[in-house]
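Shared between the two complexes below is chain A, which pairs with chain B and chain C, respectively.
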Partner chain A sequence: MAYHTTLYLVLFLPASMIAYQLMPVKYRFYVLLLFGYYFYYCISGTLIIYIMAATITTYLSGLLIEKKKGFLIFCILLLMENLAYMKYYNFFAANGNRIISFITSEQPFTLKAMILPIGISFYTLSAAGYLIDIYYKKIPAEKNIGKLALFLSFFPTIMEGPICRYGELGRELFAGRSITMERLATGAQRIFWGLFKKMLVADRLDVLVKTVYDGYQNYDGTVISVAAVAYTIQLYMEFSGCMDIVIGTGEIFGITLPENFRRPFFSKTVSEFWRRWHITLGSWFKEYVFYPVSMWGPVRKLSRTARKHNRHWGEVTAAALGLFPVWLCNGIWHGPRWSYIFYGLYYFVLITLSIAMRPCSEKLCRFFKLNQSSALYHLFQVGRTFLLVVIGELFFRAEGLRIGLQMFARIFTQFNLSSFWNGTLLTLGLDRGDYLLIGAALTVVFFISLAEEKGRDVRRDIKQLPLPLRWSLYYSVMLAICLFGAYGVGYMPVELIYANF
Partner chain B sequence: MKYMRSLLFFFTFFCLMSWSFRLVKPKTYTTESGVESRDIHAVNVLSEPAQTLQVLFLGDSEIQTGVLPMELWNTNGITSYICGQSGQRTMESYFWLKEVLKTQTPQLVVLETDQFYHCRDIQTELKHVIKNTAHYYFPVFKYHNLWKTWLNQSDMAAKTERNPLKGYNYNDKTKPYTGGTYMEETDKKEKSKPMVRFWMDRILNLCRENNIEVLLVGIPAPLNWSYERHNEVNEYALGKGVPYLDFNLLEKELGINWLTDTMDGGDHLNINGAKKVTAYLGAYLKKNYALTDYRENQMYQYWHRDWKKYKEITGKLPVKTGDF
Partner chain C sequence: MKILQELEPDVNYMEEQALIDAHILDSFLILELVAELEDTYHIRISPADIVAENFNSAKALWQMIERLKEER
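Coming up: the complex of A and B.
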């Protein structure tokens, strides 16, 4: 029962809304909790036991840390134990076996068949954040276990986030605001926008992406680069579309959820990209990994020493020391694969390099007399960032690091421009109609994003339109989803990509 | 006022949804034109001239392979069609019946009873309810992918053709069943799910409202049927006052030979088995229902033409005919 399915949109969500609205304000959060657990049971079955165990652990840990701060590390380790074991055991066992087999030809670690509870990476980070916030006295420990349980199992956020802070979301969740016509309309508007992005673009591109990534040996570099771009677009449309549905659901209940995307493809640098892409994950790592590491005594000492020798390289060292664990964790968080670790470290290298090369690039700009504030230069920066992101996503989607490297190499060794016009692109599962439709939908998304980028509040603008025009706009989006959505005959249901992380 | 506006909004939207079906309405019922392969044998019931069918068969692959409407025609002059799909659920039978009733007024609906046991978990079933309801009231959901034919009008130009097999899924392969007796008499029952009975009740109500008689039929299938299942359906049929003809208990009367009459070791009948069931069923229908023999009626001469095509197909093609 993913968020874009009819079961969720036609039955589950309306049922939860009715039950919520009928309940007295004081007890409304119990309805959300009940529906959260039912939702989780539907998607994970008996694995619900893990989120319940995590809730109890977090609850007791919170109370303990409030009294004795020294228990933080122990409690975090206890909380992370399930995630570490279920998600990473096989990875470390397989790599351990590989290393040991060089020496002894034995494989001491047995690989285990494990099913990962959906959303475990998301709710574990939320829970860890909650405990750290108690440690730093930003919030008091929650005394009502029901409220904490709801925070960790709020059904719109359980599959793909956003990763929320208790201090921010708690107040929203327990307020028990009524569902009004206005909230319903605003929420529905956001949900339909999410469906538009997911069903018209992301799910349609899935066919092409799957075809090429599953049989990359059969395709030249041109097709692989097209697939890498397609996957980048698919991932954005799918993940941000899902976030639109999630945030729209929250809006219906009067709950403001944090934004996870802010038009990332308008970024001029890779670090800016990560401030606009999967924002809640980035800010979690910044808050709970980057700052503590940067503030850690030995790191500060090392940075100070480096600064004494050379101010610039001192700054680079300080940044690198803080950033390395952030990007390593980011990679590992996505899953137990070398390609994810590579993906994380790829951004570490890019960001560290950009800091290190800053004086050099400024000199170059001065030398070539480039106007860094000109539109053309900004366009170049945006294009460069997009290209770097696409390369990262190529490795992210590839079935392993080795395959990622082979695919990347093909782009340079087997690039064949004629693939653009000799009909190859029409053999990847999409026909002319599909390409036209994707192009049209992307144009709509682009212009809306551009308007927002220029400071326009598109949703407010739509609200102020005359009724017939506003309704026509709504009908267009709704009909576009029904008519042009990639569902039904010839389409396999596409799972939410980030639900697997 | 706000609520009225919301109602108006959704009413207009639903009107638009209904209208938009015109944009993607298939001109021909083939998989190429967007028909789900599972529907392909059933869907051509919509190509039959209006008010011409006397009997409508509904059910899963058992009925698709167990009855030959053209043999019913040739021997008894009965016009019939099988609206079957593999694994057809009772809810799907209900919506097919509703669809067919838009153009036909059959005197008898024959329901195959294997579908009493086509029910999975509640989530899957609810998903099917939503899908079937949406497809019935807003066919645009079913055929929406035909928007691609706007780019190539020739795809839409083909004309609808009748299916000369009338929904029968032809197969003449033989793989014997050697498992022995499968209908051991017992008082035990294998409970069917409430969801199945709910939709079965709705089918019966719909038939009652339209003065259509109902007959429950069990096609012989050793791999799928048992006495426990028979008892459950029999109890249901008795409770609802609906006749129930379980061919699984009539092996001798039918003359079924499990070495030659099944295509897949007892899961489905092949054409030999289907002929035997059809011969018995034809005589039963003739005896128990006031069905007219239309063989001499000028209005039904196209059935003779379809009979010829049927003979060509079943005589020449060695395996499944595929899509129509």
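Coming up: the complex of A and C.
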């Protein structure tokens, strides 16, 4: 029962809304909890036991840390244990076997068949953040286990996040705000926008991406480049579209969830891109890994010493020491694969290099008399960032690091421009109509994003339109989803990409 | 104020109230700022202090410095 399915949108969500609204205000959060657990049971079956265990562990740990701060590390390790074992055991076992088999012929670690509970990476981070916030005395430990259980299992956020902070979401979840027509309309608007992005663009591009990535040996560098761009767009449309549905669901209940995307493809640098893409994951790592590591005694001392010798290189050292664990964790958080670790370290290298090269690039700009605030220079920066992101996503989607490297190499060794017009692109599962539709939908998304980037509140603008015009617009989007959404005969249902992380 | 001006000269620190929320100071600049403030005022800033409320304006920063000086 993913968020874009009829089951969720037509049955589950309305049922939860009716039950919520009928309940007295102070008990409404119990309805959300009940529906959260039912939702989780529907998607994970008996694996629900893991989220229950995590909730009990987090609850008791919170109470303990509030009294004795020294237990933080122990409690975090206890909390992470399930995630570490279920998600990473086979990765470490396989690599351990590989290393040991160099020396002896034995393979001491047995690989195990494990099913990962959906959302474990998301709710574990939310729970860890809750414990660290208690440690930092930002919030008190929650005394009502039901409230904590709801925080970790709120059904719109359980599959793909956003990763929430208890201090912010707690207040929202337990307020028991009524569902009003205004909230229903606002939430539905956002949900339909998410469906538009996911079903018109992301799910349609899935065919092309799958075809090329599964049989990359059969395609030249041009097609691989197209697939890498297509995957980047698919991932954004899918993940941000899903976040629109999630945030829209929250809006219906009067619950403001944190935004996870802020028009990332307008970013001028890779660092900026990561402040706009999967924002809640980035800010989690920034707050709970980057700052604590950068400000940890020995690291602080090392950065200070480097700073005394040379201010710039001191800053680079401080940033690099803090960034390395962040990007290593970011890579490995996505899954137990070398390609994900490579993906994380790719961004570590890019961001560290950009800080290290800052004086050099400023000198270059002065030398060539480049106007850094000109529109053309901004366009160049946006294009450069997009290119770097696409390269990262090529490795991210590839079935392993070796395949990623082979695909990347093909872009340079087998680049054949004629693939753009010789019909190859029409053999990838999409016809002319599909390309036109994707192009049209992307144009709509682009202009709306551009308006928002320029400071317009598009949602408010739409709300202020005359009634007939406003509803024509809503019906157009609904109709576009019904008529052109990627489903029905010939289309395989497309899973939510980030639910697998 | 001088420390802030050195970090990001184009900002009006007398007026600006959203140094963090408006992404004027990124995490690297914050680390630099923390190092400068610690050296100048002989205080110790912990990761728990790095929240928007403490870093959003020059006034908020000064209030944090005063508090940390008292706690020293």
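Basically, the second predicted complex is superposed on the first by the 501 of 501 C-alpha atoms of A that agree within 3 Å, B and C clash if a C-alpha of one lies under 4 Å from a C-alpha of the other, contacts with A are read in each partner's own complex, and residues count from 1 in each chain.
Convention: a contact is a pair of C-beta atoms (placed from the backbone, for glycine too) under 8 Å apart; a residue touches a chain by one contact, two chains touch by 3 or more.
Source: prediction; values computed, not measured.
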Fit-or-clash call for chain B and chain C when the two complexes are aligned on chain A: fit
Which of chain B and chain C A:Y340 touches, first, second, both or neither: neither
Contacts of A:F484 with chain B and chain C, given as first, second, both or neither: first
Touching partner for A:S271 - first (chain B), second (chain C), both, neither: second
Apex chain A: angle to the C-alpha centres of chain B and chain C, given in degrees as a multiple of 10: 160
Partner chain(s) touched by A:K138 [first = chain B, second = chain C, both, neither]: second
Superposition-derived comparison: chain B or chain C, residues of chain A touched: B
Which of chain B and chain C A:L7 touches, first, second, both or neither: first
Which of chain B and chain C A:S294 touches, first, second, both or neither: second
Minimum distance between Cα atoms of chain B and chain C in the superposition (Å): 37
Shared contact residues on chain A - chain B and chain C: none
Of all residues in chain A, those that touch chain B in their complex: 1, 5-7, 10-11, 42, 181, 431-434, 436, 471, 474-475, 478-479, 482-485, 488-491
Parts of chain C lying in touch with chain A, wherever the complex brings them together: 23, 26-28, 31-32, 34-35, 45-48, 50-51
Contact footprint of chain C on chain A as seen in their complex: 136-138, 271, 275, 286-287, 290-292, 294-295, 303-304, 307, 315, 318-319, 322, 355
Footprint of chain A on chain B - complex, ascending: 2-3, 6, 9, 12-13, 16-17, 20, 23-24, 34-36, 123, 126-127, 130-131, 134, 138, 140-142, 144-145, 147-148, 150-151
